[in-house]
Structure formats: structure tokens, C-alpha cells
Amino acid sequence: KEEGSNEKESFAQLTVALWSQPITESVNLLVDDEKGFFKEKGIDLKVIPGAGGGDAIKNILSGQADIAFTDPGSLYFALDKGEKLKVIYNIYPQNVFNIVALKESGIEKPEDLKGKTIGVYSLTSGTRQNLLILLHQVGLTEDDVKIVETGISNFAPLIQGQVDATAATDTGLYLAKQKGLGDVNIIEVRDYLNIPSDVFVVTEKTYEEKKEELKRFVAAYRESAQWMLENPEEAAKLAKEFAIDGKDENINLEIIKLRNASSVSEDTEIKGLGAIDADVLQKGADTYQQLGLVNNQLDMSQVVTEEFLEVEQ
Amino acid sequence: MKKTSVYSFLLFIFLLVIWEVTSKSYSELVLPAPSVIVLTLVDGLLSGYFTQHIQRTAAEVILGLFFGGVAGFTVGVLMGEVAFLRKLLFPYIIASQAVPKLALAPLFILWFGFGMTSKVVITALVCFFPLLENTVTAIQLSDIQKQELFKMLGATRLQTLIHLKIPSGMLGILAGLRVSVVLAIVGAVVGEFIGGSEGLGALIIATQAMMDTALMFATLILLTIFGMILYLTVSWLEKMWMKRLKKEI
Amino acid sequence: MKKTSVYSFLLFIFLLVIWEVTSKSYSELVLPAPSVIVLTLVDGLLSGYFTQHIQRTAAEVILGLFFGGVAGFTVGVLMGEVAFLRKLLFPYIIASQAVPKLALAPLFILWFGFGMTSKVVITALVCFFPLLENTVTAIQLSDIQKQELFKMLGATRLQTLIHLKIPSGMLGILAGLRVSVVLAIVGAVVGEFIGGSEGLGALIIATQAMMDTALMFATLILLTIFGMILYLTVSWLEKMWMKRLKKEI
Amino acid sequence: MSFLVMEDVTYSYEQGKNQILRGISWEINKGEFHCLLGKSGCGKTTLLKLAAGLLSSENGSIRLQGKEVIKPLPNCSFVFQTPTLLEWKTVIENVLLPIKLKRKIRSEDMEQAMEYLELVGLASYRDCYPLQLSGGQQSRVALARALMQKPSLLFLDEPFAALDAITREELQDDLLRMCYMHNITVLFITHDIAEAVYLSDRVAVMAHGEIVYQTPIMLERPRRMEMRYEPYFNELCFTLRQVMNGERL
Amino acid sequence: MSFLVMEDVTYSYEQGKNQILRGISWEINKGEFHCLLGKSGCGKTTLLKLAAGLLSSENGSIRLQGKEVIKPLPNCSFVFQTPTLLEWKTVIENVLLPIKLKRKIRSEDMEQAMEYLELVGLASYRDCYPLQLSGGQQSRVALARALMQKPSLLFLDEPFAALDAITREELQDDLLRMCYMHNITVLFITHDIAEAVYLSDRVAVMAHGEIVYQTPIMLERPRRMEMRYEPYFNELCFTLRQVMNGERL
């Protein structure tokens, strides 16, 4: 293919820094060799792994990547440190975090958590931050509960009865149920403060210099997300090959369905996939400040840009 | 000797049975039964699910071990020989070892990229120190009388090293190497923990997120087997060396 | 000797300057300047921010080192003496070392609770092996002629151990201990990585997610200093021992 | 009645390979002083180690006071061909070692040790380390240590080889006196024919693992300097010389 | 012209502490054979090491062919008081060591080494390891190794101490023949007066770090067995004995 190599020169190299390993739920980013969402838009996509949203942001700050797939919490921390960042796409407008308690514990609403022992992954995980947000919404603080760090398999202590409740995500809960977690009460954080779970973030520099490429990227990602929404079975099948945790196709399918559900919201129905709600991000930032997690007043309207989201034609 | 292996095997079976029985009273999430783990392991091996991960980790371990080992030995020899270097460098070397590599991982990635290099560097760093320590000590330990002999024979420093100090310290050096090979695996795995999309370490992280404890244990078994192979290789080297020394074991 | 410290110090200053210059071209989140780090460190120390974390980690390291060290030495002696035990236990010990503790951390928490115990156990496990390896080797190395002497003196096995094998292998054992103390810190920190709300390891994790890289480096410096203190203590022990051996250094 | 009896003793270091000792029989009565002569490598040391229970024979039996010797006995003492001192202990500590292995050291022991050091002319070296002694001084310390055990049977493997004629003759007289006083039975290896004749009640000559000649020495006790110049003495020396040379069998 | 000249040589092992050698002066001409006698601990080994450049004197000068000796010279060879063989090399490898340190071993070297092993009567032990040899055999290997260097100046520190009279006398003759053939200058330590007289052109007696007596030996060369029984020989021995005993000064 002679032209192929010619074409390559006009290709834009873009690297996405993930918050995790290449896992099933982001399979739409991993299957470009197969599906070509990004190639068609003239983008040569590379995905690099990370251990947490903080890693993703550091990777764009150090130039290892152009776009960070990260959670708002990490975004707030970086902004708090004075970094100049832009949010260009809302990947999961739904908050996927929840608090899970065994039925017999009688915990049904956030207020019931008072005085209880609650497990989180670690001191800085999304599970803890979202637990704090939830408590904050009902006027409780960290001191009203006992938080223990359980490490990543946080459902085990719940099953063993070492904690009364555990903070988790929707996918974690699904997997735990598969593994024999009995009847549980679930408190969804989204019912109290529905900040997005993940957004695409770029540095201001990248934003200025690579506008054209970013626009194509957003369009391509939107297509891929659309594809995942429409073809969950195909995505689950491809995840088997492309995702490190995609061993079981049935589980893949369920996870993809969960993520599909968190990719859409009332906003996206109107404005299309990726629509950013600056207000809810602002609310999140304010909550973080009230919780003492960040020091400065952050102005999200300066950070959010919807210019790549405008549908062409 | 045969008897020992029998006992060792019996002990193994005994532990397995205890485990199997205990696991019945726990959720599979907490403690999967050995039978389940073995099934997962065999299944993964046959289906080729593990293959690329094993290859990747093996490559990292072997490369890291090679660079770290060569560096540890060489620097150990230099520092054992040159008191000036010893005093000059030791603070830096202890510092480089006392720092948890895992915490520096983002920096390593910054410096060495996302590929295999960063993991090889971490592995090399981890297995560098035990070999260095033991080499420095072993090199300095050799018999004073024999050193006088070499002086008398007009041996250069290098020759004294090759023909006297290294051979007479060989067993100590090999003890260091044994610690190093075992740590090398830990190094590679920890390297993959931080930012790897391939390799047994990355797989462990994935299995935890997947809450597939049985698969995690299967991966750990693979790592353990790998560690034991490396360890036994060094033990074999030692046996060869001992044979040279005396004809008995 | 004085000259060496001057050179060592100059090298240190040189490295700092390079770092300071390099850091200018990076974001503070990625590579903070040494000046910023030192400020953070001093500030944290004066305000007492670090105090509880230092205490916690020190307690874990010292307890872990104590248990791991005593166990490593004792088991090393036993395995060096009893060939049967050596052959029986080695597979299990290698296995226990080749397994990445970080992966097993959630299990450790299930077994040993959320408190300090699980971290002490990890620390002990980590520093157990190097001491064991070196003790086993050193114990077996002692002069055959001297062993015959002790046989002739009707020494019991224990006496031969105490008066011959351990003293003659002391330098090798101390080399193992040096590796162990350095690894002990890594062990405690890794233990705190998994699930700790206190301790320098937990602090590192916290700083990482909060992207306070300067604070992370300050914590790493504290850990490094701690490691060097432990290392130098062992070196001092060695010097004392060498003094007994010959009156020179 | 015989004190030590060897009957048809055979030995080889490697099973089935060439025999070092071939059917040796020998008897020593209580309080007697026997010497073994023989060319270098003929098996003297091997025989002594067998008699002391350090090696065990393939065929034949070795009995001490009627009891089979299977391991070194507490009332036996051995001075090895090389001094074999512990480098990390001072001279006095080395001499006191046999006591220390039995019980706490009392002030009498200290005095006794100093007495023996006086005897071998090294009282002023009590706090030196072995590496600070000359070759001959080291072997004298080893002798003092053997005496410290207050043995009833003493094995000496060329203890005076590293000594000058004067010191040697002084020590010979001291040794004879000691043995007479405490009724010590002695089996002594030397390559000095005159020494053998002067010291012994009976001399045996070994060659190629066999005792090829033996003779009683009919000299008065206590021995006196002048005896060395008597014709009987010289004749015996001459005969033994010829035997060793293979000329008279 | 003198080959080796020592002038007013003084030495003490610990700076400022008691002097081991006190103002020793000595000359050896090319091809001469000199012996040092003296009681154990009088400083013979120390003097030999100084002459060989293994130690360096505080005062005075040591010159070989007019050039100051500051380190061991390639044309000098030293046989230590203890054999000092490398345990991990076979007998033949030990003998070939001096060559191996210089260049690749050729087949002539191999032949030469076998010749020397033949000379010391150990040709059949070529592939044994040192630990498999008797004490006397080890010291003979050390002698063969020294000869392998083809030295023009040979230092021997009681090389025959561990040998029986017969083997010793054979080796004495062999050594003299060798030295005569290759015009080797020899400085020899022994505690055997007859040996000193038989071998040397000149004998010195040391006591307390000084040369207290010296005498030329006016015996014909080549030496013959019978000379040992000549009155002149016995007279010399008697005188030297008295000197060593401190009776005649």
C-alpha cells in the first residue's frame, strides 16, 4: 500500500493516558486496530496505562501523553496546585460510586452510616472521596464514621463482617455479586451529588497547539462510544482480546452495559455524547474545598471548554 | 536425599489439604480452594491466556537481572577494591536502595517511558544491592597470607581479583545472587504494578479489579515457580563450584 | 579519609545543582526543585506534620526487623546445621519470598487486621530472606580443620555454633543484615501502601493522589535518611567486630 | 592391660579408591609414650585421626580402655599439624577454650592457663591475637590449649615442627615431665628421628599405610640431655633412619 | 659485588611499639646460599618478608642489585612458612599459577611443572586438590610452585619443616643442585641447625631482632652425604647450638 505510508505523514499522533490498565470498560479506546474509529479521522492513537487519575494527569504534564482519562478529583487537585488544564469531554456523566452494606446491617440511607465502620480502597481512592462527598451532603464528617483502608478487594471484609459497609463502584458491586455477595442495600452517590466519574483533560498548551487534532479525537471518541452503546456484544467479544481483564465474555458484556449506562445522561440526550455540565463540576470543586481536600476556590467555567463538542455539518 | 523430597512433598500435600478444607468456610473472593486455583491455572496455560504475560515478565526479569547483576558485581568489585570509591559511593547506593521504587515509579516512567525499559530499570535496581553488598564483603575477606603470595608473584590488582579474591569469595557472592534473583521477580512485578498493560504483575492488578482471586493465585503460583527456577539455577551453580573445591558435596 | 567526605559532599552538591536546573523545565507536579523540597521538608518537620508518620513507620520497621531478623537468623542457623531442614524448607522459603507481598496485601489485612500487625508481618517477611540466605551460607563455610578441633574438644553442636560457626561467619551474616535493614524499610512502606492511614508509606500514597510531589519527595528523603541510619548502625557493628579480629581497621 | 588398642585398621578417603591405611594393629599401655615415624604422606595423620575418633575406620576396631571409639572422647586431646587457633580470640582465650566449652571460667582456670603459657614461653603474649604471633608461637599456643584439657590420652601431630632446636628440646623435656606427672598416655607424630627416640617408650615406622617396623626404646626415665649422645641412642637413630629409607626391612 | 644488601633495617608491626627487628645489616652475593637460624619468634620471618619487599622497613635500606626494594620483584620467589595453596585449584594448577599470571600456559610450561612435581615426588598427585594432600605434601607443592617462577633470588621460610628426615635430605640435595644449575641466590630460614650448615655458604643466628652471630661454612660443593658426619660439620653445629642457646656470644 503505497499511499498508506503517505497518509501516515498527515496522521496526528495522539496519546491517551488512562487512569488504569487497558481494561474492558475502556475497550472502545483499545480496538482501533480492529474498528479504526480514530484512524479514519487521521489519528494514530496510543494508550498508556496508569495507576489512578493522578498518574494520568502527571503523564500529560510531563509530555508523555496528550489527553488524560481521569476523574474530577484528580483534576481538582492539579488545578489546586496551579496547573493550567482544560476539560474537553465528559466521558461518564454519571457518578458510578456507591456505598454497599449487607441487608441485615440495616443501613439504608447515608444518615445510617453514623458510627459505622466503612471500608475504602485506600486513603486517596475515589471510594473515599466519594464517601466523604456523600457524608458531606447529609451533614456528616469523617469523624462521625470509622474509615478503614481495606486494600483493593474491599468486598472481602464486608463479606467477612469486618466492616459494616464498603464504598465501591458499580462494576465492583456487580463483580462482587457474581462472587456470591448476598443481599445488600445500596446507597448511590449519584442520588446526592452526581459529579461525572471521568473526563478527558488536556493541558492548556495542548489545547492551544493541537485544536485541530483534539477536535478530530473528540469526534472519533464519540463514534467509538456510540459503537459501544449500540454493539455491546461485539465490544464484549473484542475485550477478550484487547483488554487485560477481559477473560470472561459474559462479564465483559455486563461491565460494558454498566459503562454504557454511565456514558449517557439527560444532557447528552440533548447535546450529544460528552456534554459537560460545568455547574455540577463546580459543585464538586466547592465540595472538595469544603471538605478541605483542596485549598483554593476553583473556577470551573475557566476550565471547561465545549468547543470540540459542537457537532459538525 | 530421596527421603527428604518425600517429606517435602508430604508436607506440601498436607498444607494443600489444610488449605482446601479451610477454603470451604470462606468466600471464593477471600480464599479460593487450591483445586479451583489449579483448574484456573491449567485452563489459563492451555488457552494461552498467560503466554504473553509470562513472556513479558520473563524478559523483564532476565534483562533486569542481567544488567543489575553485572552492575552489582562490577560495582561491588570496584568498591571492595578501592576504599575511596567505597566511601564516596556508599551513601548514594544505600539511598538508592532505601527509596521505595514503587513511589518513584512515575519518575521512572517519565525517564524511561512506558515500555519495558522502565520495568527493566526497576528490576535491575532491586537486584543490584544484595549482590553488591555480598560482593564487597566477600572481596575483602580473602586470606592475608594468600594475598601476600599474589604480591610475591607480582600479580596485578586485576589478576589478584580474578584468581584470588573472586574465587575465594565465590560462595558469599552466590548467596547474594540467590537473594538477587528472588528479588528480581518482585522488582519486575512491582514495576508492572505501576504502569504496565502486560506481564504477570499487570495481570495481578487486573485480577484484583476483576475480583478473580483464583486467577490471582494462579498468577502468583506462576511467579513462584519462576522464582524457584531461578533460585535453583543459582544453587546448581554453587554445587558446580563446590565440586571444584572438594570432590564431596 | 577527610578528603573522601569532601569529594562525597561535592558530588552531592553537583547532583543537587543538576537537579535544580533540570527541574526548571518541568512542572512542579512532575519534578519539583530541591529547594522547594527542602522547604517542604523543613516546614513539615517544624510543624510536626511528619511526627506521627515517622513514629509509626519507625515502629513498624523496628518491630518487623526484630521479628524478621531473629527469625531469619534462627532459621538460617537451623538450616545451615541440619541438611534435612534445609532441603525440606527451602522451597517454601523461596516461595514466600518470590511472591509479591503487595499482591497478597489484601489477604494480609484479612488475616492480621487493619492495624500495625499486617505491616509488621510484611516487613518481617521481607527482611527475613537476605539474613537467612547469608546465615545459611556463612554457617556452612567454616574451616574444616577448626571443626575438627571442636569435635576433639567434645563441643556440642550448639557450642560449635556459638563459638566457631557464628563468629567465623559473622562478616557474611552482617552483609545479609545490611541488605535486610534496607529492605525492611521498603517492606514497611509497601505495607503502608496497601492500606494505611498513618506512616510514611501512606503519606506517599496520599501525596501521589493529591499530586503534592514536593511533599512526596520530602517523605522519600525522610525514608532515605532512616535507611541510612539503619545501614550505618550495621556498619558500625561490623567495625566493632573487625576490631576484635585484628587491631587494624 | 592395654589402654588404646587398634586392630587391623583400614581406611581410605574415597570409598573403594586406594587405601591410605592397610591393616594396622597397635597397642599402647596406660602412661606410655609412643611415636610414629614415616615419610611424608604415608598416613600418619590419618592414623592419628582414626585413633582420636575424628575419622571412623572401615574395618577393624579401635578401643580405648576396652570401649569402641566412635567419636572423640572428652579425656583425649589433639594437637593438629597446623596450629588451628581462633583468630577472633586472644591467646589466653584460645587456651581457655576447652574450659569455656565445659563450664564457666574460674580464676583457677585462668591461673592454670597462665601456667601453661609460661611453660611454652608465651606468658607475655596472653592478650595478643593469633595473627600477631610467629608460626612457632602459634603452635606453642595450640600445645598449651591441649594441655588445658588435662587429657589422659594426648595425640600430637608434629607439634614441634615449626620450632627451633633449642625451644624444641626445652619443650620436649617439659612435655615429658608433664606426661609423667599426670600419667598421660601419648601418641606422637614426628619426622625427627632423634626426637622420637628421645621421647618414646616405643617407636613405630610407617610406610605406605602399614607399620613396617617397631622397636622399644630402653632408655632410663627421666630422660637427660646427655642421653642424646650415648651410642645406644645414636644406633637406634641410625637403624630407624635406615628403616625409613627402606634399606632394612 | 653484593646482590642483596640490607643496611640497618628496623621494623615494628605497630608503630612505636616494641621493635621486632633492630638495626640488621646483611649482604648476599650472587649465587650464594645463606641461612637464618634463631629461636621461635625472634623475627626471622619478618626479616625475610622485608627483604622480599612484602613489608617495608622504617629505617635503613634494602637494595637488590643496587636498586631499592619497595615491592616484590618479579625475579624473586617466596615459599611461606605455611603452604598457602589455592584450595579451588588442583596441584598442577597451583604449580602453574605463577605462569598463568604472566601469560598463556604453553605445553613446555606443563612439562616444566611436571618436572618439578617429579622432583618433589608428587607427580602422581597432579590432579588432586590441596585439601586431599598431607601436610608435608602441601609444602612440597608450594616449593615446586616457587621454582616454577625461575627466580634469581629465592626466599624460603622453613620449607622442609613438615617433612621427614629422608624426604627432607633428598629435597635438600635437589634444591642445592637446582640453585647451582640456575645460579639462584637463596635466603633460607630453618630451625634445623644441621640443615643450615649442610645447605649454606654462610649462616646467621638471630636473637631478639638482631643478628648475634654469623659464620661462613667452608665445605666443598657439591655437598655430599658423608660431610654430615665430618668433625668440622659437627663442630659447626655445636657452636651454632651454643650460640642459639645464648651460651657463646
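Order as written gives the chain letters A, B, C, D and E; numbering starts at 1 within each chain.
Quick note on the criterion: contacts are C-beta pairs under 8 Å (C-beta built on N, C-alpha and C of every residue); 3 or more make two chains touch, one makes a residue touch a chain.
Since the model is a prediction, treat every value here as computed from it, not as a measurement.
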item	value
Joint neighbours of chain E and chain D, given as chain labels	none
Centroid-based (C-alpha) most distant chain relative to chain E	A
Chain C-chain E separation of Cα centroids, rounded to whole Å	51
Chain A and chain C, separation of their C-alpha mean positions in angstrom	38
Inter-centroid spacing, chain D versus chain A (mean Cα positions, whole Å)	86
Residues of chain B whose C-beta touches two or more other chains	30, 106, 110, 193, 208, 247
Residues within chain E bordering two or more other chains	82, 131-132
Junction residues of chain A - those touching two or more other chains	58, 62, 152-153, 156, 160
Touching chain combinations (by label order)	A-B, A-C, B-C, B-E, C-D, D-E
Contact footprint of chain E on chain B as seen in their complex	143, 145-146, 148-156, 159, 163-164, 167-168, 170, 241, 244-247
Contacting residues of chain D [partner chain E, same complex]	13, 37-41, 44-45, 81-82, 132-137, 140, 158, 161-168, 191-193, 241, 244-245
Residue ranges of chain B touching chain A (in the complex, touch as defined)	26-30, 49, 105-106, 109-110, 113-114, 193-198, 202-203, 205-213, 215
Of all residues in chain C, those that touch chain B in their complex	1, 4-5, 7-8, 11-12, 30-31, 84, 87-88, 91-92, 94-95, 97-104, 106-107, 110, 129-130, 133-134, 136-138, 141, 171-172, 174-176, 178-179, 182, 185-186, 189-190, 193, 201, 204, 208, 216, 219-220, 223-224, 226-228, 231
Residues of chain A touching chain B in the complex	20-23, 47-51, 55, 58-59, 62, 64, 152-153, 155-156, 159-160, 172, 175-176, 178-180, 244-245, 247, 251
